[in-house]
Amino acid sequence: MTFKPLDRAGIAARIARDIPEGWFVNLGIGIPTGVSDHVPMEREVIFHSENGVIGAGPAPEPDKINPYLVNAGTQHITLRTGGAFVHHADSFAIARGGHLDLCVLGAFEVAQNGDIANWARKADDPTKQVGGAMDLAIGAKRLWVAMEHNTKGSGESRIRRSCSYPLTAKGAVKRVYTDIAVLEVGQRGFIVLDMVEGLTRRELQERSEADLHWA
Amino acid sequence: MIDKFVPDVAAGLAGIADGSVVLMAGFGNGMAETLLEGLIAQGAKDLTLVVNSGGRDDGPTAALLASGRVRKLVCSFVRADSVAGRLFATGKLELEIVPQGTLAERIRAAGAGVTAFYTPTGADTILAEGRETRVIDGRNCLLEYPIHGDVALVDAWEADRWGNLTHRESARNYNPIMAMAAKLTVVQTRHAVALGDIPPANVHTPGVFVHRVVHVPA
Amino acid sequence: MTFKPLDRAGIAARIARDIPEGWFVNLGIGIPTGVSDHVPMEREVIFHSENGVIGAGPAPEPDKINPYLVNAGTQHITLRTGGAFVHHADSFAIARGGHLDLCVLGAFEVAQNGDIANWARKADDPTKQVGGAMDLAIGAKRLWVAMEHNTKGSGESRIRRSCSYPLTAKGAVKRVYTDIAVLEVGQRGFIVLDMVEGLTRRELQERSEADLHWA
Amino acid sequence: MIDKFVPDVAAGLAGIADGSVVLMAGFGNGMAETLLEGLIAQGAKDLTLVVNSGGRDDGPTAALLASGRVRKLVCSFVRADSVAGRLFATGKLELEIVPQGTLAERIRAAGAGVTAFYTPTGADTILAEGRETRVIDGRNCLLEYPIHGDVALVDAWEADRWGNLTHRESARNYNPIMAMAAKLTVVQTRHAVALGDIPPANVHTPGVFVHRVVHVPA
């Protein structure tokens, strides 16, 4: 039997399934940004954007773009009824003060102790893209990660015993959604909550550097 | 559908445990007096009350203090001739006096995830005795820690079902920052308005900080 | 020749003379509260009140009281056109962040090094009236004090070599306005800028514990 | 009569000295681009620029960086393939990377008189190497200092002669906090309005933080 990995939209949709009504959620750049597309409007989930937007809504029709309204990825968005605007320090007070029920970030690697690496590939990486990730990672009530299970080129596992890239935060990740599995970070390490159809436990373990446990 | 409105004061205050830290906004006005009366009725004891001032002999703060259910008062100002002053003088109330700006900043720090901060306020006074100080840029500064509430009692002029609030004039005072700083923020609002009625640019306290809202018309 | 001390309103009026247009000013409880009565509306001085009022105006007509609008002394006030409301942390950000051109406080004592004592008469004073004075004293660009030169009962000088009461702040006072003189706090100590008519230098020195200097 | 309006951009930027720390608001929008172009024309050099991100290859931040008059960039985000990234890679630009929330909080701290603060953000990362940390309530925290500006370049939607401002939607971003944190805050506003036109409860940046206002209609 063969299996079919989820595409990026599929990962986003899988995450969206697990977000209950009433949660207050920040979505990072990349795969996470797509999560809100898969949460129906009638399920009221309030999306926060670091640049001071509470209640971010979907992209506007091209003829209804408001140039004064963007998200943290500087994409044009709309505001949901009930939304609000705050300044940058208040916005990060929300992020750092424990007011987000959930933050979903992309990552290069996640370790079995919950460490996350998502901003640089080495200490002297010329790319210095910290942004708000370190604040969100330490501040949200729950941090979930959305990423491909393995790197595109060499197929190396992003599910690690320990991170090899510079950390974003220590011990912060609660759950990882990849293209082939959903993993919880528990006391013993990674616990598999879900796998794509047709994938065997052995195949998943082969694609993971860290030891996996089954719930 | 998110709806933070609860039917009455008792529902708003349900579950407040003995030993809770209660943040109570208000400064001359903007105090959630109906909730405070409800807290007296609710019966939680051994409370730590965080409020701008110990108040006078009348009014709801005095009533709560007189009920004997406050173990410790954290505030910037206590009159000797007041319920709080007399309880303290007779050893029946613990008192932590905090400069008003430091009080506001410690509350905001709790809401903002700031785990400690330095301020010159009070550093060269008896309030700094035995405490950690550090000279920063040539100024003596005092290390201060956040004040986290178990519950905040907040007053609003308008509220919608997401918990977005406005406050009237100077009745805003501690309300937005105490709302940020508690595990459970309970609001009494004069007006219940429809979602969207408060312009998004003019929300004074965003609903993300609010957990329960009780509509208390005039 | 005899001299006539200023009454409390007179001290307030004397201070008001020295406040130029455009200053942003906080007035403490007591004598300072009266200062704004002596600043004509056409001289635009913006008064701040700790409870989040920017642009505090005079007391309203009795039939026009707004119960939602008080100053830090919980007196009913009005708001000037151009005024604004902020929350308590933002209000003290103004006070502590160096944004006030001037704060005027009452005091029990001022020392020649600029120390001020204005909140308790002894360390275990049952009156614990710190309020916002410590914040204002360290935060304003200039701290002026308004007080009677001598105590009412025993006539002891409030102009001290060093303060005997618990401090509000160290080295913060720039100027003292009393009922008989205006004193600057300089490198050498108190410098007399002004005296009420008919008072001699000797008489002023006799009423002052600290040594006085003349400009 | 207080009137913070100045006749033009040159008057708004007069006196900005070499070596100044320049706080520049903006995040996708809300950047005072006309003032920034004015700063390039004004000629001050050896600047420290504090801004959310190093930007892309087009746009006014890139133009200022390309002018060679920025010695140091303090921001949360630099693309390798951008003017800032290339200047840094070739040793022509000092770079201080600050997590975005810490950046905002350090700027606010400067405006609020907080002389230092602790935050868990970044404490367990290479950004903490060689720096002071402390465990508070079981969490490793990093000591952070305020970022004071010599000048802040601020964008507004409306401004009155006292300098009270409103900002449009997410164009608010860093504008209110950078206004607080600089010795000289210069505003470009789309609309000049009469004193009192902005409702007192809905002023986003109070005039107390603003020194000069330039009216830059669309």
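The first chain written gets the first letter, and so on, giving A, B, C and D; residue counts start at 1 in each chain.
Here, a residue touches a chain if its C-beta (ideal position, glycine included) is under 8 Å from a C-beta of that chain, and two chains touch if they have at least 3 such contacts.
Keep in mind the model is a prediction, meaning the values are calculated, not measured.
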Which of B-C and C-D has more C-beta pairs touching across its chains: B-C
Chain located farthest away, centre of chain C as origin (C-alpha): A
Distance from chain C to chain B - Cα centre to Cα centre, in angstrom: 29
Inter-centroid spacing, chain C versus chain A (mean Cα positions, whole Å): 54
CA centroid of chain A to CA centroid of chain B, Å: 34
Where chain B touches two or more other chains, by residue: 105, 108, 112-114, 119-120, 168-169, 172, 200-201, 204
Touching two or more other chains - residues of chain C: 79, 85-86, 89, 92, 95-96, 138-139
Touching pairs among all chains present in the structure: A-B, A-D, B-C, B-D, C-D
Complex contact set, residues of chain B against chain D: 105, 109, 112-120, 134, 136-137, 139, 141, 145, 166-169, 172, 199-202, 204
Residues on chain C engaged by chain B in the complex (per definition of touch): 49-53, 66-72, 74, 79, 85-89, 91-92, 95-96, 123, 125-136, 138-139, 166-170
Interfacial residue positions of chain B with respect to chain A in the complex: 1-2, 108, 110-114, 160-162, 164, 180, 195-196, 198, 200-201, 203, 206-209
Chain B residues touching chain C - in the complex, by the definition given at the top: 27-30, 52-53, 76-80, 85, 88-89, 95, 97-102, 104-105, 107-108, 119-127, 140, 157, 168-177, 204
In the complex, chain A residues that touch chain B: 21-22, 24, 44, 46, 48, 54-55, 79, 81-86, 89, 92-99, 138-139
